[in-house]
Each structure stands twice: as structure tokens, then as C-alpha cells.
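Below, each structure is written out as C-alpha cells.
One chain, subunit A, appears in both complexes that follow, with subunit B as partner in the first and subunit C in the second.
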Partner chain A sequence: MSVDGQSVPGTHEPAAATQLRKAVVVGGNRIPFARAGGAYTKSSNQDMLTAALDGLIARFGLQEERIGEVAAGAVLKHSRDFNLTREAVLGSALAAETPAYDLQQACATGLETVLGLANKIKLGQIDSAIAGGVDSASDAPIAVSEGLREVLLDLNRAKTVSRKLQVLSRLRPKDLAPDAPNTGEPRTGLSMGEHQALTTAQWKITREAQDELAFNSHRNLAAAYDAGFFDDLLTPYRGLSRDANLRPDTSPEKLATLKPVFGKNLGAEATMTAGNSTPLTDGASTVLLASEEWADAHDLPKLATVVDGEAAAVDFVHGKDGLLMAPVFAVPRLLARHNLTLGDIDFFEIHEAFAGTVLSTLAAWEDEEFCRTRLGLDGALGSVDRSKLNVNGSSLAAGHPFAATGGRIVASLAKMLHARGQVNGRPARGLVSICAAGGQGVVAILEAL
Partner chain B sequence: MSDFQTVILGEMPALSKLYVNAAAAAARRRVLGTHGGTELPAYTHEVRGVRADVANLTAYQHLIGETAGDVLPAGFIHALAFPLAMSVMSRDDFPLPLLGMIHLTNKVVQSGPILFTEALDIRARVENLRGHRTGTQLDVVAEVRTAGREALLWRGISTYLAKGVFLPGIDKPSAPVTQPPFSVPDPTALWQLGVDTGRAYAAVSGDFNPIHLSVLTAKALGMRRSLAHGMYLASRALADVGAVKGDSFSWEVAFDAPVFLPARVALDINTVQGDGGAWARSAYVAWNPLSGRRHFSGTVAALD
Partner chain C sequence: MTDKYIRFVSHGPGRDIAKRLGLPQPVVLRRHRPGSPLVEGPILVQGSTDGADSLAAALLGWDLDVRRHAIPKEKLGAIILVLDDLGRPEDLEKPVLTAAASLRDLAPNGRIITVSRTAGSAADPATAAARQGVDGLLRSLAKELRAGATGNGILLADGIATTSPSTLGALRFFLSGRSAFVDGQFLTVTSSAGQLPDDVEKPLAGRVAVVTGAARGIGAAIARTLYRDGATLVLVDIPAAGDHLAAVANEVHGTALQLDISRTDAGQRIIDHAVARHGRLDTVIHNAGITRDKLLANMDTDRWNSVIGVNVAAQLRINEALLASEHFRAAPRIVSVASTSGVAGNRGQTNYAASKAGVIGLVRATAPLIGERGGSINAVAPGFIETEMTARIPFATREVARRLNSLQQGGQPGDVAEAIAFLASDAAGGITGEVLRVCGQNLVGA
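What follows is the complex of A and B.
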């Protein structure tokens, strides 16, 4: 059965979950996130990932430990970093016998490393794992132009001097201009912000609602820092001990003064500003995962279990759905598989790529027509209790080093779930939702231990 | 059609030579004030056993945004057949000035996949000389078949306008065709076209029409800046429609305001599903995101 190519939720049962052991989150560590061009300007992805990894190793006493597997990735990745994660492991205090692999799924990279490694632990393939992600918008790889690249490759293939000169003579001055990465979607040429501006307008999300969400993100993150929440989740790096993007003193009034930056050529009013959109950011995060036995044997905490995950993708290319709306489809499928509703979730961690992304997602779940025709539900999925949404701040305040966001969220959520413990006689439950470029999304459920 | 006599050319004519000849003919006409009559030449030009150059094909596919596969894109076949079409229009008995003609519409029916390895028989002719409220228009018909076979695989009909040229005996339509006003939709894509877009397409299509090459060569022909090639734009829209169109489809485009380079072009692709939810067609329209002027529009549709 399918509705618009998206399978109807609840039509298959999870694999015999009783036969699988649990994958638990032991803890996490990240470096504070810096704004692009800030404190980490000269730090490479490998530098930052190693810094986050070393902090994790120090916190949990993993020096010389052979971890089952380490998986991490970066969205903006230099071709020389083909073994980024393995190189970071070799540069860390972990045993050199620790295998590692790179993964890349745009902004869902970090969460997907958690899910993939958790599955390996559940299957008994490994007992311990470190998931992670890193990105640098400052130290971004710059490619040479296609013209120069072709000349260089042909030059390498040319055997004689005369042939080499012939190849070189093809070079033109414009070939020397570099080709920097941009945030445009390859198939549409629209930037992520322009894509979201279309979705934001489609769901009629107001400027005020976006600014309010951004304000809450800063307020919640600042309060979490003040309460010492990040004391065991973060290692200072390059002089930063807090996320550089955090503005504790911002206000809805200040946010209201910012000029729109996206969607200025659309028919609708432009509502997306630098304040309610995430800035380009540098940073890295890691999460330590393990079987219960491994955690117990190492006398380490068990904060939460990684219950399940779901990926979705949407047909955004010709505007059928918004670029960042895939989690709208993934979440109801995941909930249905576990016979849960939005009301059964105690913490919602919805990545704030843009305030408009979060609010469009919530609006879609509240829209009866959309949920019936597009999600195959009987009615609206329901409303998210705003008091349970991103309670310790999210990407609008912390920043969003693409692949590092999943690890940031999973480590923080596991700690919150553990602190909450039981709710109505069952473990506290958290939902993670991360949208990604290419019209993709990955979501997951974690439960307190 | 039986009135057409076939002229078989030994090889694909060189476009550069044709453009030079056209320029010479234009100068001759300016000096002597003669024109080539009021009827279209009743000749079909044919080249047999044409093969696509694979390096050129790859360059074309990368430029247009097609995956470099082994099937020839419909727009690439247009470019492949174009020199032959030009050779008909550069005949001495062709009644209209070739340089400066405006491409109004283009219609292609692709009946099946053509692999780059196939030898092809290509034919071209001109027909349907008729009036236009601003000049005289005609259709250039190109056909592509597997060498030695009768089944038609690709047919293109390009309608060109010789602006300001009025031939005796050809009436212009009395009432101008009024188009409904264009209201700008939300874009599904945004193209950034650099100044070298015209040159880049010339390099892969072989169509070195001076109005696309540079500001100077365009100015020489009365344009204020160089233009993006219409078939480049339409071919990118075709690529953007994607794999859903399959190997056989119709592809139409109507050109409105020219795209002066460099440019930002906004595009909307609207997918229409038929009964049962299968893809029926994709309608596309492109416009200038600042002025809201429409550049071109068209459809890619499943064949009946």
C-alpha cells in the first residue's frame, strides 16, 4: 500500500526486537560551535573531529581502548580526507586497532552514523562504537575550475613534452578562477534558504512565529549553559567554551529589526532573516554507544537506548514537496511502527535548519487534509507540545556545522532523557528529526535508561 | 512530400562555412537589393551514416545537466542535424536572409532511444512559408532514422521568423495573436548563466552563431549583448524534467523574451499526472526573476 509513493505507516512490524540486545548512549562530547570565519577558521575537519574525539576519550577513559567501530563524516569534505574518520582515530588516543569509516548523508550524516552503529551493536557485531560528525564552512575545500582540472588531468596523461605543451596551451585566464562550494541544490540551483522560503510561504508561516522560535532557541540554550547542562557534553577548543553564535541578550524586538535574506523574489512577503536561519558554522561532535554489557564492564553510564530510526525522502525537484520536509513523512512512519503518537513523546528535538523548517513541519502534522492525502493517516498527526520542543536550544542558537548536528542532538537528548527517567511508569521518550539536502530526512526515537 | 527532390550530401556540411556564406549572401543582398524569390526550395538534403562524436556528446550532456549516458539527448540530436538544416537555408534559392532569423518555436517528437554508437540517416527540408505580423516565417523539418531503416526515430520542426521581411504574395495574418498575461509562479529552479554560456553551448553544439558568442559579435548583428542559445535553454529544461519522460516523448518550446547574458533565469516545472497517476506531461516556463518577463515555455509529454 502506498500514498503518493510513500508507504503507509504501520504496515510492517519491527524485526523481532526482543531478540536484539540494546544499543545504549553512554555519553557524548563536542567542541563548542563557532561561526564561520571565527575561532576555528584555520582548523581542518580532521583537527576538529580529533579534538571532539579526544575530549570523549578523556571523559570516558578510552585511552588505548579498541573501540568496535568509529563512524563519522563531513558534508563539505576535501578529497584528501577520503579516510577522515580513520585519520582522526589514528591521531587520537584510541587504540590504533580501532576501525573507522566515513559516512555522508548531508545534514543527516551525524544521526545516520548513530543509527548505523547502534544497529551493529544490536546485532552483536560490535560492543562499542563512536558516532560523530564534523564540518567546517571556514576551511571549506575549493575546487579548481573544470577547465583547469581537465588540463591538469590531460597533462598528467600526456607522455611527451610537445604533447604536454599542447595541453598547457589550452589554459585560459578564466580557468584560474576557483570553484567554491555553495549551498545551492545541484538539481535546482536554488539555495537551501530559497527552497525553505518557498515552503515557509506555502505553509503561511509568519515572521513573528519564526522570530519567536529563534528567540526561544537562544533563550533555552543560554539557560542550559547557565545551568551547567553542557559541562559534561563539551570540551573547550581554541578559546571557545560556549557556542559562538549564542546571543543570550537577543529579544524578539531585536530579531524583528533584521532584514529578510531569503525569498525576496517570491510573491509572498519575505520572512526569513539571518536571525531565524542558521548561520554557516564550524564544529564537531561525537557520541559513545555501547551494548549494556560493555558499558557495565567499563563502569560507564547508560543514559538512553537508541530505539529505532527511519529515513525518508521527498520529490522536491519540481516542487511537489518542500526540500526540507522529508521528516514530515519519516516521523509518522516511525511512530506507527511503535504504536506511538506525538502525545507519547516527552522531548522533541527538531533540528532548526531554519525556524521556518520547524514551523512548516509542525503545520504539516496539524493539517488534516495533508495528513490524510499525503501521509495516508485518518486525520491530522497532531500537535507538538511547544514546551517539549528543543528545550535546551537547537541549531538557530548553537549553530549548525552540518554533519555535527546529529551528534550534538543525540548526546544532549540522551542526557535529558536519563535525567527525566520515568514518565507515567514508562521510560521517558525523545524524538529526533533532522532534515537534509537532497530532500532527505532521518528521524529517530531514544528512550531513557 | 513527393514534390521534394532529395540531394544526398557526402558528409555533414561545416557550419562555420555556412555562416560565412550566409554573411556574404547578406552583404550581396544589401548591395544588390535582390532576393531569392518567393518560394521555398523543394529539396530535401540528406546525409547518411552520421555518427555522434562521443567526446562531444559527453561535453554536451555535462553542459546541459544530463547524465552522460549512451542515449543521445533530444536536444543533442537537434544540434547534430542542425548543419544540414542550415545547408537547406543557405541554398541560393532560399528566399529569406538566413542571418538574424529568430527561432520562434521548436517541436520534437522522439519516438525511441538513439544510442551514440548508431549510424544515422539525417534529412532536412524547409516548408510552410507563411506570413507573420512582423515578417515571414517558415518551418525547418529535420528527421533522423537508423541508417538504412525507414522507421522515424526523431523529428524536429523549428519555426523561424525573418523579421521585417515581407515577400510578395504572402499575406500576414490580419489579427495579431494575443497571449494571456503571464503571472509569475513560484520557481522550482534558478539558473545562473555566465557570460560564457553562449560560447560554451557553441562549443558543444557546433552552432557558432555570432549573436551567442560575445558582446562584440552580437553587437555586430544589432544585439545589445550576447544571447543564450534558445536550444541551450530548452535542452536544460528538458534535462530538468528528468528520467520520468522515458525514451519516447514530445518536447515543445516557444521562445519569448531573449536571455541576454549574463543572466539569472527562474524556471517552474509543473508535472501533470494522467489517469492512474502515471506521468502525462511536464509543463515548464522560464522567466527573468527581476522583471518577470517570460523567456520561454513549453511541455514535455508522453506520446499517445
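What follows is the complex of A and C.
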């Protein structure tokens, strides 16, 4: 049964859980996130991923250890980095015999590496794994134009001098302009911000609500740093020991003074500013995953289990749904599979691509009509208790190096869950939701150990 | 951090120029490398007591080339002057002047080691005078030695044999390249506790040691030295130093613990980490320290409090947690890094010197407490050490500071680390409450 192409929750059962092992989060490590053009301008993806790995190795004493598998990825990736993760492993203090693979699913890359590796651990294929992600908006690849590329390839194939000259004569000045990367969606030409502006307007999210969410993100992240929360989650890099984007002294009043940058031509009042949108960011994160047996044998902590994950995608191309609204569909499917409601979640980690993304997502789940017709539910999915949302800050304050965000969230959430322990006689439970380019989204549930 | 002057005067024209102008002529010191011999050359054991005989026998057991009588013109690696049965000052003459005849045969980087008894426990004034005389003798002799040779002494409490574990342990330390920058110093052996290692290259095998301030400088050198000696390491430094800490941890196969030691729960977190991750905790090296120099007239509250807080108050709190812990009971060892500033004072460092003198006080007072648990606590007081910190001292000041000791050069971070590694080992189990200076016999405040 399906509603508008989206499968209805609860229509398939999870695999028999009794057959599977648990995949546990041992801990994580990331480098502080830097604003693009900032402290990591001269750092490559490989440099940053290696640094994040080395910090993780030092924290958990994994020198010369052969890890089952390492998976990581980057969204903005040079073609030479085809083996980015394996190269980072070789440059790290891990055993050179540690296999690695790259994965790419836009901003969901980091979370997807966690889920894929956790599944391998659950199946008994591997006992330990490191998931991760990295992105540099500063050291982004720049491609040559299509015209120049075709000429160069033909030139290589030309055998005679006259043929080579003939090929070269096709070159025009405009072919020499480089092809810089952009965040535009290939099928719509709209940037991610412009897409979100459509969604933000559709769900009537106010400027004040967005600024308040951004303010809370900065306040919560600053408080977490002051409390030492990141002491065992982060290793300094290139002079940074905190996220460079963090503004501990910001206020709703200051945020209210910023000029809108997205949705200025929508007719409606533009509400999205640089303050309630994530900036381009550089950074890397890693998460150490293991079977319970491996963690015990290595005297390592067990913070949380990776319970399950779900991916969804939406048809944003024809305007049916907003570009970043796929998690709206993924979460109810995942909750239904585990007979859970939003009320059963103790920590919500909803990636703040834009404040408008988070607020549109929450609004959709509170909308009876939408939940009935589009999600196939009996009524509204429900409300997210704001006191449980992104309690130690999220991407608006920390920044968002695309592929590194998943690892940041999973490691922090696992630590929070472990600290909380039991809630009403059951393990504390956390929900991760990450939207991604291409109208995709990946969500996951973790439980405290 | 290299001393270009040493290289200049070590050979060729530089050596001649320095000699003619009467300039200092420091030499490259003999330092321990795994597998290197304990001493380069025969060892002369001078003295005619039973203690001298048994000590010579013990050295023979280590397959060393031991002499009871000097052969004139034969180069000696070391002279051990055993003076364990002095009754009157006149008793010094024979053994001392006999040894004196061999001084010119001492090889470069040779060793003079006295073995005598503590004056404080002497039964009568004449004995005390004789025993205390060794102090002045050794310190002066150390200043007369040249070419990297050092003189150090071992003081035995009454009843401690010249072959007790820690007497032999201290003897090995002073003979070896591990004590390269220790000169003109005494170590007191107060008990027969401790034991020599099964493997002299891995004296810390099986021990779990915590090093604070391990991200760089002396702390990183301590980590490397303890790792070389077989210890499993927990490395602690403030979160902001985490990248350097991780690099050191990965080098020495330890675990990095990003922790500000001035947090009130630091002791418990260190214990929890060591026990959870490595199953035990045997040794804590209090190395973390900061300087906030200012003349006292210009001192502000923040500079004063931060130095006292990190350098001594934090150690006190951590030690309280350690001594209260059931996990710190198997021959536990604590070694604190003090400073010669805490011994002799230093202009502009009232806060730092107060904190480091405080460390010396706490070490002495903690000795009986940790002794009840079968453990020991000692301090090491570095003099001028070539680190990133001292490299920032202006050139002229640095040059003067470097040469103002008997070895006419700055020490290396590894020299401090070697002294700490020795005091952290079971071979030093009979030594506690001591302050060992690693200063090349600094002329100031000696």
C-alpha cells in the first residue's frame, strides 16, 4: 500500500532481531569545524580525515590495530581522492591492514556510513568499524569547462600534428573559464537555500521562530563547550579548539538585524538569513563502532546501540515536496517499525541545514491533513518536545561540513544517551534526522547502553 | 633547541679557539640508548670496608669490568668511592686521596659516585662531621670534573646495606647515560624496599603510568622514555592541547585523556580512565605546569592563582584521590616535577617558585602516607632544559643560563625524563620523599 509513492509505515517487519548482534557506539572524535576560508583553508579532505582518525586512535588506544572496516566520504571531492578513506587510514596510526571504502550520499554520507557499518557488525561480518565523513568547502575541486575537457581528450587521441592543430583550433576563450562547484540542484538549478525558502514559505515559518532556533543552537553549543562536553569528542586542529562558527554572545536581537539572503524574489517576506542558515564549513568527524564482545575485549566503553535506520527521498523536482523534507517521511516509517511515537524519544537530533528545515519538518509532523494524506497516518504524527531538541547545539552553531555532520551527531548523541541511561525503566532513546541534497534523507534510532 | 655552540667547540678549529680564549668547553654528553653499555670502561671501587667488598661483588655479578686497585694510566669509566663506615673526619683522607690519584685517568663522560651514610642519623658529632664532609667533598669534586664527567652521591640510612635494591638501583642510574645531566647531587636510600628489574631495558614492564602535561616538551619526553622502559601510558593534557597530545599518544601507543587537571574531579577521572582502559594504575607523573612570570610588585590575582592552582593545588587534590583509591595500592609511585626555581628562587617567578617549592613540601609530607601503601613519592627539579619554552628566552640571557652549570650546557627534556623514569621504577622503591635535581649542577643556588 502506498500514498503518493511513499510506502505506508509498518508495512514491513524488521529482520528477526534475535539473530543479530548489537552494534555499539564506543565513542567518537572530530576536529573543530572551521568556516570556509578560515583555519583549514590549506587543509585537504585527506588531511582533515586523517587528523580526525588520529585523534580517535589516540583516545581509544587503537595504534596498530586492524579495524574491521573504515568507511567515510566527502561531498565535495577531488577526482584524485577516489580512495580518500583508504588513503587517510594509511596516513593514520591504524594498522595498514585496515580496509576502507568511500561512500557518498550528500549530507547523509556520515550517517549512512554509521548505518552500513553497524549492519555489518550486526551481521557478524566485522567486529569493529570506524564511520566518518569530511568536507572542505575551502579546498573544493574546480573542474575545467566541458569545452576544454572535450578538446583535451580529443587532443590526446589525435595522432598527427595536423590533427592535433585541428582539434586545438576548436578552442574558444569561453572554454578557458573554470567550472566552479556550486550547491545548486542539477535538475532545478536552484540552490539549496532557495529550495528551502520555498518550503519555509509553504509552511509559514516566521523569521522570529527561525532566529530563535538559531539562537538556541549557539547558546546550547556554547554551554556544552563550557561544561566540558566536547573534551572527549573533539581534538583540536590547526589552532582551533572550538567550532569557529560558534557565536556564544549572539542574541535574537542581533540575529534579527541580519538581511535575508534566500527567497528574496518569492513575493512573500523573505525570512532566511546568514544567521539562520548554516555557513559553508570545513571539518571531519569519526565514530568508533564495535560489537559488544570487541569493545569488552579491548576494555572500551559502550555508549549506545545503533538500533535501526531508514532512508527516504522526495520528488522535489516537480514541486511535490520540499527539497529537504525527506526525513519527514523517513521518521514515521522508522518509528512505526519499532512501534514508537515521538513521545518515546528522549533526544531529537534534527540536523539544522537551515532553521527553516527543522521548523518545516516539525510543522509537517504537527499537521493532521499532511500526515493523513501524505504520510498515511490516522492523524498528526505529533509534536517534538523542544526541550529535547538539539540540546547541545547543532549545525547552525557548529557549522556543517556536509559529510562530517552525521559523525558529529552520532558521537554526541551516543554520549548524551549513555549519560542519561534509563528513562522510565527503558534505555534512553535518541532520533537522528539528516536531510540531504537530491531530495534525500536518512534517519536513525540509537539507544543508551 | 640545538646548542650550536657545543657543536662548534666539539672538534677542529672551534675546539682550539675555545681552548685558547678560555671559553667554556661543553661536550656532547653520553646518554642512554637501549642496548648501550652501562659504563664505558672499567669501574674502580675504592674503599676497604665490607660494604665496599660486597658492592664490588654485586657489580661483578652484572658482568662489569671491576677494579679494586687502580692501574695507573688505564682509563676508567667510573670511580665508586665507598665511605660507608666513617667514624671521624680523619677517616676521609685515605680513601679520598687514593681515589684522587686516579682522577686524571677518568674517561670523558666518566662517573664519580660516593656511597656514604646520612649525617642526620649519626650517633655522635664526630661521625656526623665525617658523614657531612662527604657532601662538601662530592659537590666540589663534581665542579672540578670536565668533559661530561659527573659526580653524584648515594646516602644510606643506618642499617641499609651497600647492596640494597635501591642502592644498586641508584648506582646503576648514576653510572649510566640516564643520569647525563644529573651532577653534584645526592639520593638518599631510606629503606630496603624495591627490587631490581628482571629486564634492565624494560624496568617499567607491566606498569600503567599516567603523565600529565604530556602534549609537548618535557611531558612528551617523559612519555617516550616511560614507553621505552616498558610502561603502558595514559597521557593527560588540557583539551586545547589535544592535537599534540594525540600525536604523542599515537607515538607511544598510549591513550589520550583531554582533561584540565585543575578540575576538582580530575583525580577520579584519571583513576577511572586508567582502570577502565588499562585495568590498573601504578604510577602518576605530575608534570603539568604553567608559568605566568611577573615581578611581585606587578603581580595580579589571576597570574598568582592560576600558577598555584595548576602547579600545586591540582597535584594535592589528585594525590588525595589517589591515596584514597583502592586501585593505587600495588607499590604505587608518584613523581612530581618541581623546579630549581623552587629550590633557589628566580627573579620574576615568585608565583612559580612558591608553587614549585610547594611541590617539594607536599612530596616530603606525602612520603609517609604513600609509604603506608608500600609506595614512594619523589620530585625531580629540572634546571635549564632546552625546550620550546626556553628557546623563547632572548639569546644572550639564554646563552648565560645555559653555561652556568658544571656541564656548561642546557639539559635535554629526555634528561629530566630519565630521572623520572628511574624514580618511577621499582629499583627506586627504597627512595622516597627526595628531590633530585637535574640541572648539570647549576651554579646558582646549588
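Brief remarks follow.
As a working rule, the second predicted complex is superposed on the first by the 449 of 449 C-alpha atoms of A that agree within 3 Å, B and C clash if a C-alpha of one lies under 4 Å from a C-alpha of the other, contacts with A are read in each partner's own complex, and residues count from 1 in each chain.
One rule holds in what follows: contacts are C-beta pairs under 8 Å (C-beta built on N, C-alpha and C of every residue); 3 or more make two chains touch, one makes a residue touch a chain.
The model shown is predicted, which means the values in this text are computed figures rather than measured ones.
For the composite obtained by overlaying on subunit A, subunit B and subunit C can both be accommodated side by side without a clash.
After overlaying the two complexes on the shared chain, residue contacts for A:Ala93 are found with subunit C alone; subunit B is out of touch.
In the superposed model, A:Asp231 makes contact with subunit C only, not with subunit B. For subunit A, the partner with contacts to more residues, out of subunit B and subunit C, is C. When the two complexes are overlaid on their common chain A, residue A:Gly382 makes contact with neither subunit B nor subunit C. Of the two partner chains, subunit C is the only one touched by A:Ser241; subunit B is not. Residue contacts after overlaying the shared chain place A:Pro260 against neither subunit B nor subunit C. After overlaying the two complexes on the shared chain, residue contacts for A:Ala58 are found with subunit C alone; subunit B is out of touch. Within the superposed three-chain model, A:Pro141 lies out of touch with both subunit B and subunit C [touch as defined at top]. Of the two partner chains, subunit C is the only one that A:Leu300 touches; subunit B does not reach it.
For the pair subunit B and subunit C, the model built by superposing on chain A gives 45 Å as the shortest CA-CA distance. Common to the subunit B and subunit C contact sets on subunit A is no residue at all. Subunit A meets subunit B in the complex at residues 174, 187-190, 194, 198, 201, 265-267, 317-320. Listed in rising order, the residues of subunit B touching subunit A in the complex are 184, 186-192, 196, 240, 242, 266, 268-271, 282, 289-290. Per the touch definition, subunit A reaches subunit C in the complex via residues 51, 54-55, 57-61, 63-64, 93, 228, 230-232, 234-237, 241, 299-301.
In the complex of the two chains, the subunit C residues touching subunit A come out as 239-243, 245-247, 249-250, 253-260, 263, 276-279.
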